[in-house]
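Shared between the two complexes below is chain A, which has chain B as its partner in the first and chain C in the second.
Moving on to the complex of A and B:
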């Protein structure tokens, strides 16, 4: 069975990103293709902000997701509208808005909600973490 | 195609959750997915007519309700105990369910998302 994970809770105001990470780790360890993709929406898109630096004695959640994604070739999607609104911007959006900076961390990609619909329709189960 | 229920529980004025839940409903409908809405708790305030929020208070999401039928979103459910006594001040497109039907609602969809 293949799953889609939908993460909507803020990495700072909830444990949604933490719980989703633990679930994804366990699922992928048990079956490496059990998760087709992770879609971050609402405040969860803040996970992809490259400029955020957690204190050194705390978990680096962004890095933990990047490591997992790299190990299992797991796509990490951020909703483009939710991300741009919150200042998580890739190079092409930065040019489009005529900005001097971009802030999207590597391993994450900006996609529309249509990508979530495609994931929903091509996996057996979707699990929301909020 | 899966049928999806979007359950709005957050106030339209305290966070973006309600707006982003509605955005997801509209995108699902645009992709011709079967989607219904249900409202409870603070999200019920979206139903009140004649809202005039300032930009600081947030967008007037009530205005979106009349457009739902153009996306073929036909069902907006609430629990009947949530109905306010003066129905003239509440949006008329809702379907109210008794407690038993409301409880069953959530198990009649393949996917339920909460915002």
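Moving on to the complex of A and C:
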């Protein structure tokens, strides 16, 4: 049975992204297909900002998520509306807004709420981290 | 069994009684992140309703160590046990 993780807490103001990472890591090690996808919403989308650089003596949460996603082929979705308004923009959105830069980290993808609904409808349950 | 995941030392005035009153017999409560500190202030997590409703109380061992807390209440869970508990629950509520 597969599950969906929904992360809404900011990587800077809460421990949601870290708790979700620990949960996902343990779940995937036990059952590699137990999580169908992770959807980051609200301030949690800041995890996908490629320009953010944590101090060297702190955990690099973005990198840890990227490593986990790569190891287990885990989709990491960022809500596109929440991300764009916070300056987390992929190449196509950058062109659409006629910007010179994009800031989405590799391993993350911008998706609409329809993707979250599809995850909710196709997995046993959703586990949220606020 | 519904697993109630609590991650704050205290919630807003309207949320705190809501989650406690929503507990049903056989549910489980899991304290994570700073909610671990509730175990150092038992008045914030009234144990009487939990015992009366046969509700199991869990906390994350990793978070307890992070906050330097050695709880005398509840059962410590590793991350692996946390996953097993969450996946075995019929529903999951993150308050």
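Heads up, the rule we're going with is that the second predicted complex is superposed on the first by the 130 of 130 C-alpha atoms of A that agree within 3 Å, B and C clash if a C-alpha of one lies under 4 Å from a C-alpha of the other, contacts with A are read in each partner's own complex, and residues count from 1 in each chain.
Going forward, a residue touches a chain if its C-beta (ideal position, glycine included) is under 8 Å from a C-beta of that chain, and two chains touch if they have at least 3 such contacts.
Keep in mind that what you see is a predicted model, and the values were worked out from it rather than measured.
In the superposition on chain A, contact is made by A:120 with chain B only, not with chain C. Once chain A of one complex is fitted onto chain A of the other, the partner contacts of A:82 are limited to chain B, with no touch recorded for chain C.
Of the two partner chains placed around the shared chain by superposition, chain C is the only one that A:27 touches, whereas chain B remains out of contact. By the touch criterion stated above, A:102 is placed in contact with neither chain B nor chain C.
When the shared chain is aligned, no partner comes close enough to touch A:36: not chain B, not chain C. In the superposed model, A:130 makes contact with both chain B and chain C. Within chain A, the residues touching chain B in one complex and chain C in the other are 126, 128, 130. Of all the residues in chain C, the ones that touch chain A in their complex are 5, 7, 32-34, 62, 78-80, 82-84, 86-87, 89, 91-92, 94-95. By the touch criterion given at the top, residues 6, 8, 41-43, 81-82, 85, 112-114, 116-117, 120-121, 126, 128, 130 of chain A touch chain B in their complex. The residues of chain B lying in touch with chain A in their complex are 1-2, 4, 16-17, 20, 23-24, 27-28, 31, 33, 111, 113-115.
By the touch criterion given at the top, residues 1, 3, 14-16, 19, 22-23, 25-27, 29-30, 34, 124-130 of chain A touch chain C in their complex.
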